[in-house]
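If you scroll down you'll find the structure; I have some questions about it.
Going in written order, the chains are labelled A, B and C, and every chain counts its residues from 1.
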């Protein structure tokens, strides 16, 4: 038995953020809330997501269970919600579906077929020895990625006294510098200057659904760790660095 | 001789609605106004359109005549009108064209070539023994079609105590329920519960240009009849049911 | 040495207008300002552009020089600017780049690779014996081109007592008449009635970035001359007439 009620808008934003990286995921339902950890199909990035039961208007479950979700199917459903719809999530174990009932000016019931997602379970979070942590506005980060995309398909993230995004290509080179005093930089903590290069399309996909602020942790030629929240749910994205040729 | 004056906006909306179903149509000009009845190229749906001379600012004709119109050509012209343009329609029998003069901040004259559309004439409206009639907002109908489209390319319309739109596919099933008390349901009259299944793309095309409210009449495995008005012009759409496999 | 400071928005608009016609251009930097004259790759149209040093907030150069710019590359950069960004243009002769520094809430530096554009230098402006000059709103001109595009891929520009745009195709014919008294016509000077026919896609591309008003000079089967200003910079477009078949 699992039944939970929350704002359709909150669920929509979270599903969009999850779907920016992964497709088929094991959603773990526990007494504390729901969580998932999954890698993208090419195993270059990882997502860790947690939504505590406090985020829900109602939350009831009688046992811990893992269900397989096709995030794209679920997205199609939830993207049809309106901003003030209430969403009821219900597990129908007999039919092997998760029911999503949207209540607004009409009542819409979606029965979303569950899938097998057992191979993704028991992923460990890697330990990263990053040396710099930057808190900034997600909009500034997205803008920098778009700038970098003009000349290249990868970008170097650097931190020393300021946060830098650099890209270089045949037609020119670009540097975006966000420094102390700029309204988009909230905090910069650097124990040692660091720089790593990443695939732009992964970072761009990740960055799209981040609201407000985010934190970026980088080291030298090391995975980047991006953390943010969506209306009480916590997200961690990990992306492996690009090996320079 | 035929000459008529009306709001370009009204004509644009009507032409858009007609063009959502049919391409080449016989437009009948009578002393009472203009009308057309036509089937779509695959003969699955029918449209019946009437615009009484009262809708026009001026309306003059000296004999009943039928002219063949390529609705797509006419759409391209009229879609370039602005909301406060005045439209003059004039038949140029010599050049075999219908002239459309748009008067606004400039004067734009379109001469639209007439075509042969004789094979479409003398269509009869079918008599339908529907058992349910629902009046609802066209927006709620369009939304339900979009929901259904998530899982399938066809939709069942049902009426008993409420109006239902149901669809089922491999990834899940969807039900939209609009019931008494919902602000989008204006009236529901059911002499016997009824359900029929239809092609989604036809219904979607039909529904796009319906403003405000509409009525839907359904029976069991029977064509659906959709009626609505656009600024004084009356429309009837008929769509044959999908034969279940 | 060349260094100049101006509104990024002004530069963006000018680069967009230049890029609507030509791709690789020789930008001439003189003590008076910057200028360029170039033909499109098919040699059907010519652009003449001048921006006096008064348009710049700062302007410094120590010698006259011509640099080759790929307008598309430069567009990608400058299109990422925000409306209140300040742009610093700097020539880096050593690296053979033009630096563009955008200063806003962050600092973004683009190094744009220079190219060889010597073959375009020393173009002469043709002398045209036009007999009509019309000043009108660029919006009315763009609208007329869109109207013409419904039936054809070319358009006749005519002037006598009024300004006309005519097009004719298989599905119909179109005439746009802008006459004295229409709010979009500011001035019409006709020494002899004139008409010439032009390729629509060239005129459409040219017209897209023209703000506010423009002037059109035409003759009989003669190139058209279009003049306009963008925030103090002056533009002349010349387009050869279409040879009727």
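FYI, contacts are C-beta pairs under 8 Å (C-beta built on N, C-alpha and C of every residue); 3 or more make two chains touch, one makes a residue touch a chain.
The model shown is predicted, which means the values in this text are computed figures rather than measured ones.
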Practice task
Determine the shortest chain-contact distance, in steps, between subunit A and subunit C.
Solution key: 1
Practice task
Could you say what rotation angle superposes subunit B on its sequence twin subunit C, using C-alpha positions and rounding to the nearest 5°?
Solution key: 120
Problem - Separation of mean Cα positions, subunit B and subunit A [Å, integer] - result: 44
Practice task
Identify all positions of subunit B at which a residue touches two or more other chains, and write them in rising order.
Solution key: none
Practice task
Going by the contact rule at the top, pick out the subunit A residues touching subunit C in the complex.
Solution key: 140, 143-144, 146-147, 150, 170-179, 182-184
Handout entry: subunit B contact footprint on subunit A (complex, rising order)
Key = 70, 73, 76-77, 80, 97, 105-113
